[in-house]
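In what follows, structures are represented as structure tokens.
Below are two complexes that have chain A in common, paired first with chain B and then with chain C.
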Partner chain A sequence: MTNTDWPLWEVFVRSRRGLSHTHAGSLHAPDAELALRNARDLYTRRGEGVSLWVVPSAAITASSPDEKDPFFEPAADKPYRHPTFYEIPEGVQHL
Partner chain B sequence: MATAAHRAARTHTDTDGPAGDTALTTAYQVAFDAAVAADERIEPRDWMPDAYRSTLVRQIAQHAHSEIIGMQPEANWITRAPSLRRKAILMAKVQDEAGHGLYLYSAAETLGTGRDELLDKLHSGRQKYSSIFNYPTLTWADVGAIGWLVDGAAITNQVPLCRCSYGPYARAMVRICKEESFHQRQGYELLLALSRGTPEQHEMAQDAVNRWWWPSLMMFGPPDDESQHSTQSMAWKIKRHSNDELRQRFVDICVPQAESLGLTLPDPELRWNEERGHHDFGPIDWAEFRQVLKGNGPCNEQRIDQRRRAHEEGAWVREAAAAYAAKHTTEADSEAGAERA
Partner chain C sequence: MTAPTASTAPVAALALGDDALVLSHRLGEWAGHAPVLEEEVALANIALDLLGQARLLLSMAGDEDELAYLREERAFRNVQLVEQPNGDFAHTIARQLYFSTYQRLLYGQLAAGDTEFAGLAAKAVKEVAYHQDHAEQWTLRLGDGTADSHERMQRACTALWRFTGEMFQPVEGLDGVDWEGLRAVWRKSVEGVLGRATLTVPEGPQSGAWTAGAGRQGLHTEPFGRMLAEMQHLHRSHPGASW
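Right, the complex of A and B next:
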């Protein structure tokens, strides 16, 4: 059995409390426990994190770049979802 | 998301062959060119020309190999570091180099080429690493010269790569560049300590700089008019500056740094050119460069032998970890099965 059998994991790091976990990169490991240890050694050598997630890469479902336009288009023609869409008389406060 | 990207990338390549829809390929090509022109990043699952993909794999692999082969000349001095402080620093640096290799192998994997395949190619000599690591580290001062000059040259090369058109490579480079800065400064500090030490220590520092200066200038690759991949790589915005441009930048940076060290650079023709606003420097021995590249450097054989041996001797660790993982997966499955029953 060689390295080929070690699955790929995606690593997410929370840089400090109050912030969400952010994707840092990927690595190979035989299981979740070693993936965490490898992630610590690879992505937090300088105190970059206070919490780590590792997720099997195969478990991630991603949107397709080819369908990016039709997929995200529905949001493009709805400017009324933004506060700047609305005209408010001058001088009105706390709005 | 290298696995998903891997699959998507393969599917693209398979369907975009000569038998594929030519009009669709043209549309993809137009979108790709527009993204590069607009300084947007290309991401793993985007369509990209086959030659762009293979150029990136070649460059990232060579870069990754350089990081892990580069561990050897410095690791050579870990057991003989002159103090605990220097030893801890050197271990941290060598560990960083391993990390840099892994970031880069991951970036290469997003292009659909597995790490095992790349390591095989390194071990069988089908892919190269930077020829600078085929020079020996003869004294402790070499550790300083490598940090200052070799890592300094690497930083000069790598900072523009942080804006490379391929997203995963650019992101790996951002991380690497942050860490390289420590590498360069520890080397400079080490050389400074020796330069200000006893006459023998000063002499040792000067000797190391004499030996590493020219090979460091060679790290930027052949002159622009002989560099075979440069034009296309610049058009694709993988590369942002020419070899000669970066080499000149490095020389200009090093001259005042050498003065502050109290050391000289071994080039009698090195002088400030008021008109150009740059330092002129003497001719580089490209015959030596080609010899080292061809495998005839002082340490080529030793480096690859050691890399192969490390890989083979580590096989049992990889096997044991995989066996442990398999055993625990089976146990967890049968427990889950028992609960359901």
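Right, the complex of A and C next:
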């Protein structure tokens, strides 16, 4: 197999109605239409999904691993941000 | 263990089953050789769809393994188009475009009819619609792509054209299929795709002395024998072997 200069695409699959699209993986394709078809063949052939998104990987802005501490560390020791000090009314589920 | 002869097996199930089986094997030959990994999976996926159809169809005609692995070349009833070698990627796509368009239209008619194939066709036509879409997408991109891809795609469409007329020979047992109507719609559909792909519809007759087409009668082209030898040798070397 030869290398190609096809761009990379990120694939998001919605597994069921009511759930959000979840990142499933990535693939190469020459354009969006074929990326969608490749995604169908690679990620939904065993009945995994009801909807697909493909996004050019280049269009994604990601947080940098170098910034992990300034980004995420400060959240760890602030328990008052979690809604754990409320009494949950009866009958409320999935809170 | 004797292989059933063609004369005792339902003709239509063999014709449709052999089309699916042989094309499935040809597409399977791309495994490990496709231009890119994603396309290899796509072709293998189509091959598996066709293999599933072949199993159902051949089971209607007899024992699927005996029919697939123990028949001689002349007992196969597939059209010659599907046995043509993969060639370059453009040849594979042209073969896919011609055959999947035909299969989709034929299965559409069968699904609406009342033969024993109606149920199977209704399920398979959705698979085949995807095969046709895949072939169409690639025909558009190769035909309307680079000068090289255009030339290769045109060459492939022209080379395989002479095998297309055979698909519209009436098959015994498929009563109620409008073969001439099928041919007309097929032609319009293929012409539409080729036109949008900036390709020229090949000239030359689809039927007559200069065209190919006796696969349904058991006459096959030279590469088919080698393909069968590869497909059948394991079963013939180890009869009855299983996983």
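Keep this in mind: the second predicted complex is superposed on the first by the 79 of 95 C-alpha atoms of A that agree within 3 Å, B and C clash if a C-alpha of one lies under 4 Å from a C-alpha of the other, contacts with A are read in each partner's own complex, and residues count from 1 in each chain.
Definition applied: a contact is a pair of C-beta atoms (placed from the backbone, for glycine too) under 8 Å apart; a residue touches a chain by one contact, two chains touch by 3 or more.
Please read all numbers here as calculations on a predicted model, not as lab measurements.
Once the two complexes are laid over each other on the shared chain, residue contacts for A:60 go to chain B alone; chain C is not touched.
With both structures placed on the common chain, the touch criterion links A:37 to chain C but leaves chain B unconnected. When the two complexes are overlaid on their common chain A, residue A:13 makes contact with neither chain B nor chain C.
In the superposed pair of complexes, A:25 makes contact with chain B only, with no contact to chain C. Within the superposed three-chain arrangement, the count of touched residues of chain A is higher for B, of the candidates chain B and chain C. Within the superposed three-chain model, A:45 lies in touch with chain B and with chain C [touch as defined at top].
Shared contact residues of chain A, touching chain B in one structure and chain C in the other: 1-2, 4, 6, 27-31, 34, 41-42, 45. Within the complex, the chain C residues that touch chain A are 34-42, 45, 130, 133-134, 137, 141. Remark: chain A residues 1-8, 10, 25-31, 34, 41-42, 45-46, 57-58, 60-62, 64-66 touch chain B in the complex.
Against chain A, the residues of chain B that register as touching in their complex are 1-4, 8, 43, 45-47, 92, 95-96, 99, 102-103, 106, 109, 114-116, 119, 171-172, 175, 179, 315, 318-319, 321-325, 328-329. For chain A in complex with chain C, the touching residues are 1-2, 4, 6, 27-31, 33-34, 37-38, 40-42, 45.
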